[in-house]
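Per-chain numbering from 1; labels A, B, C and D assigned in written order.
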Amino acid sequence: MELSNIINIGVVGYGYWGPNLVRNFMRAANSKVTMVCDPEEKQRHRAVESYPGLKTTGRSEELFSATDVDAVAIATPVASHFPLAKAALQAGKHVFVEKPMAANVAQCEELIELADSKNLILHVDHTFVYTSAVTKIKEEIDSGAIGDLLYYDSTRVNLGLFQHDVNVLWDLAVHDLSILGAISDKEPRAVSATGISHVPGQPENTAFLTVFYDAPLIAHINVNWLAPVKLRRTLIGGSKKMIVFDDLSPSESVKIYDKGVETTESEEDIYLLKVSYRTGDMHSPKVELTEALLTEANHFIHCIKKGSPSMTDGRAGLKVVKILEASERSLQLRGGLIEL
Amino acid sequence: MELSNIINIGVVGYGYWGPNLVRNFMRAANSKVTMVCDPEEKQRHRAVESYPGLKTTGRSEELFSATDVDAVAIATPVASHFPLAKAALQAGKHVFVEKPMAANVAQCEELIELADSKNLILHVDHTFVYTSAVTKIKEEIDSGAIGDLLYYDSTRVNLGLFQHDVNVLWDLAVHDLSILGAISDKEPRAVSATGISHVPGQPENTAFLTVFYDAPLIAHINVNWLAPVKLRRTLIGGSKKMIVFDDLSPSESVKIYDKGVETTESEEDIYLLKVSYRTGDMHSPKVELTEALLTEANHFIHCIKKGSPSMTDGRAGLKVVKILEASERSLQLRGGLIEL
Amino acid sequence: MELSNIINIGVVGYGYWGPNLVRNFMRAANSKVTMVCDPEEKQRHRAVESYPGLKTTGRSEELFSATDVDAVAIATPVASHFPLAKAALQAGKHVFVEKPMAANVAQCEELIELADSKNLILHVDHTFVYTSAVTKIKEEIDSGAIGDLLYYDSTRVNLGLFQHDVNVLWDLAVHDLSILGAISDKEPRAVSATGISHVPGQPENTAFLTVFYDAPLIAHINVNWLAPVKLRRTLIGGSKKMIVFDDLSPSESVKIYDKGVETTESEEDIYLLKVSYRTGDMHSPKVELTEALLTEANHFIHCIKKGSPSMTDGRAGLKVVKILEASERSLQLRGGLIEL
Amino acid sequence: MELSNIINIGVVGYGYWGPNLVRNFMRAANSKVTMVCDPEEKQRHRAVESYPGLKTTGRSEELFSATDVDAVAIATPVASHFPLAKAALQAGKHVFVEKPMAANVAQCEELIELADSKNLILHVDHTFVYTSAVTKIKEEIDSGAIGDLLYYDSTRVNLGLFQHDVNVLWDLAVHDLSILGAISDKEPRAVSATGISHVPGQPENTAFLTVFYDAPLIAHINVNWLAPVKLRRTLIGGSKKMIVFDDLSPSESVKIYDKGVETTESEEDIYLLKVSYRTGDMHSPKVELTEALLTEANHFIHCIKKGSPSMTDGRAGLKVVKILEASERSLQLRGGLIEL
């Protein structure tokens, strides 16, 4: 495919998230939104009001076949990610799809294969990975300063909108799973999930997920739509240092503690281990207040132009969906282990 | 047994917790510590220095057979709770034993039966239950103001002393399980626990426990000896109101939120449920700064004098140990469900 | 003046604050913005882009003489408030002017007189007074629940933009002075102000202002453009209860403490006073997240239609400027008392 | 004076603070408390109970003339500091006196002169100066890392005991003035103080003190016995970095921010200054949890043995009292400037 200097973006879905995609692909370098698709007349009207030159359509086929659309950004409910992304890829368009990537593992695998075969960029919108805070955390871990990852323990709760199509893990834990995928290249091995629905006939609104990795890493995610206060706090334990990431503390969201334990073989007895404690300074790196989605849009455009894979490509999306799918089965077993 | 007006207490174990027991049973009404038993000469010396008149011994048999000991308080490692409490009961002494009550369910059951048969008070030191904060929370729940309990979700982590004989659940989750026993009379039905040991050959230092009750209640407890910051926070969701209990916020440790969701049958379709949200004021009741252990000592003395069962009697202790024992089996299964 | 059902608003100044005025007068009931005046072509263009039908001009005279402008909202630098407001009033327009109302007391008095003589509404944009938090605080005080006001003590600091035309009191303390005017009808009697400029030749960037009222009320305001952290906290002491207003804590910005001291005449000696302490519960009323400026715009429109004075009219604006003007003289005297 | 290896301490006053002095001079190296003086029989009894070998007396003359007392620690009400310290020095004893050093400047000067003439150590108990946190802050400032001090702004409020003999500045601001004396060797030049008494006939319970130094330093201290919450926070602005010292945040009490403003001469116009902002990382050094009073006791003993002046000697004490004395006069003038 010949690409002009500017990548033309078509956005499918102009509800809650779509306008953010349009705004940022308008601001990103070498990128421009040319068309928006939404079934609702009202939403299409809203889009044109904000961006007078924009073309709109109610039919996604029209967007996929447009010659002035090089890449498609999809911001629709989960169930429609697969058919829309598939059609876009088949039409030769690069794809930027909301998380979670698709409704199940099989769909993810089919999309990956399709994108590979057509040599198209398939990018999953794991927005958190592109925040300054997570970027800073990833840098610290990659530099070796934190040591081996020992645990990732996240609490992500608030009085949140109850969703009817997916449970709270698909809605909230997906953020942590995308962060985990970015900061560690370890493979998840198994999951155990527990939870409850407090509204009969509805998906779980409170859930607790453990993801087992090869030792010494374990991950745990606590999500809840029914909490009286909003908490967004992640503890990341390393063998050298430990991190507290509090997304609600804008000026000091990342704190790195020079704390840990050390084990030494006791002199008296080779079989006895001694644990000693180390506590030191705390350091909170400056985190820029740039909008993650703009960084991400620029990355996507860059990948298209260079033909290089996205940092959050289909494989990253699949990794997340694989855990979510397994966690649903574990939920049915009330914590029973599901190997991945 | 004839009891003089003053209950004479013998304390077994004068290490970390024993001095607190002596101090409070000295302050409690109608109570006096007459003897302390500790195998170490140094500790016995320490006790006498602080309380010149006190008798001491290195042999627990001597304390159990003393005629001026009416009740025995046991503050020793978990493994010795059972033999010591058993010997004390057999000697006709009332018993006040540290938590967890004993090392397994069978031991707890034997102690309960023994105390019942001898008509003696068997009290487990679930100290948290006697704090002003938990007392206030219990009052709110018992009054009906909170509604049905929906979840209990506790985080109890810090850079804590690694223990070698028990894992982090026996050390820290025991507090939450004792609180749960006090604020709800529901029976736990099953558990799922996951965790990890980061020091080879040692018990789990990081663990996550879900306790299933009859709907709509679920409990979850996150404990960790390897966290960079100290957190002691419990969210308690009720159908009417919700509570945040932060034990590290001395002046506002209990906050009660008038928040929740309500479900109504949709008018259009009887099968569709609508969820609506209610957010209102927050109220933080004053919590007295009295020492819980003094309240508890007074309660124990009162039970002895009245012959009434303790609020945290052997059955309360058993309930906690039952969950801990099951959680160990679930940990082996990496989250596999263990019915109680 | 005959007013049509809809009040037509002309906005002068489309820099930082002007767009907020336009947006809210567009949303307010019975109100519409018809014209925007800004000397810069770029800003006028920005206004038309957002509101296609809007008329614009670079000359304020044109706006003041427009027949489809009933009221003028002024969002320009302080120095121009007086000439613009005066011209608007002379042209028979109601006026909504940014705080501080004008550059000195004489200007304020002239505007008040002019508005009175022409029977026009003169409203000063003391936005904070229209926030849900301050409204709630005012309700509590007006109800008598707080008792007599004893002190108002505010800290309003951050690493803020250094201004070149006014010092930090005119920039930040103005918020507290407007709140004080709203929650208490006491007259300020005198001021003492201290401060420093850390940039040679520039106005004070750090300042401390005490405002004396009749006993038992005193007010103190600490403002700083050179602080490493952002603080927005006000303590309000009452004879019955006390309030902490933390504008950076969105969900619990207002906390009302049932705390205080009571003095009683000692029985032994009528000349000795005893002070006793009362500490009780804390209550945090729900504060709505409505935009204060919309509430204020609606109030302004209502005042015009009813001919009733604004809650933050010229007299309220004058009260604030009187204190600011006196504080500048006190600053020169390094704290010397200036009577009002 | 010949000193044995161990310095024998006599403590005058065994009320609130005296027991802390005894405990720490018992623990300090090369130091021992030999005698305690208190007019009340009950307090003397309390002292002997805790320290069986201790001699006690109700008459200070007896303590001052005792041959086994090398140095005297005075923990009595402010009014008695001068006569007691004077008598002790005249008897040839080194002196450790509570802050504030004395009731007025003249008394301080007389004590300094007396100690100098007799070559005795005169130490003022500015405890805060010996805390790990202030020591760390002082190190950072002395190293040049913070740059020139621009401001010291402290808030020290709570619902505190109303005192009848001194106002809230003598009770609380004294801490900040002692810290200021330790971290900066600049001379205070003038003060302005405002405040109020809410209890008729009693000293001010709420007060605000500005201390002027040579540019660019200014200090401000906000103290209040009538606040609903306890705050202990100090902002220290430097030309290179800024510090927040929060004494109520035990694990992160000192935070050092790489933030500030820089002024550069504008290129266009040499007379115009440009201000640019620098924001960077935050660093929180580990602060040891050692008891300040033990550090201080060791320092006092060291000074006696070496004949070197104390870090908080009579001159440091005088500097604080000079400001407090002037602040009382300024309070009468409601902020009027008092030159020092």
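Heads up, the rule we're going with is that a contact is a pair of C-beta atoms (placed from the backbone, for glycine too) under 8 Å apart; a residue touches a chain by one contact, two chains touch by 3 or more.
Because the structure is a prediction, the values reported are computed rather than measured.
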Farthest CA centroid from chain A: chain D
Using the touch rule from the top, work out which pair, A-B or B-D, shares more C-beta pairs. A-B
Centre distance in Å when chain A and chain D are each reduced to the mean of their C-alpha atoms: 53
Could you put a whole-Å number on the gap between the CA centroids of chain A and chain B? 40
Could you please state the distance in Å, as a whole number, between where the Cα atoms of chain B are centred and where those of chain D are centred? 43
Chain B: positions in contact with at least two other chains: 229, 279
What residues on chain D touch chain B, complex-wise? 229-230, 251
What does chain C use to touch chain D in their complex? 150-151, 153, 155, 157, 159, 162, 190, 192, 194-196, 198-202, 206, 208, 210, 212, 215-216, 218, 220, 222, 224, 226-229, 235, 237, 242-244, 255, 257, 259-261, 263, 273, 275, 277, 279, 330, 333-337
Residue numbers of chain C touching chain B in their complex, please. 252, 258, 279-286
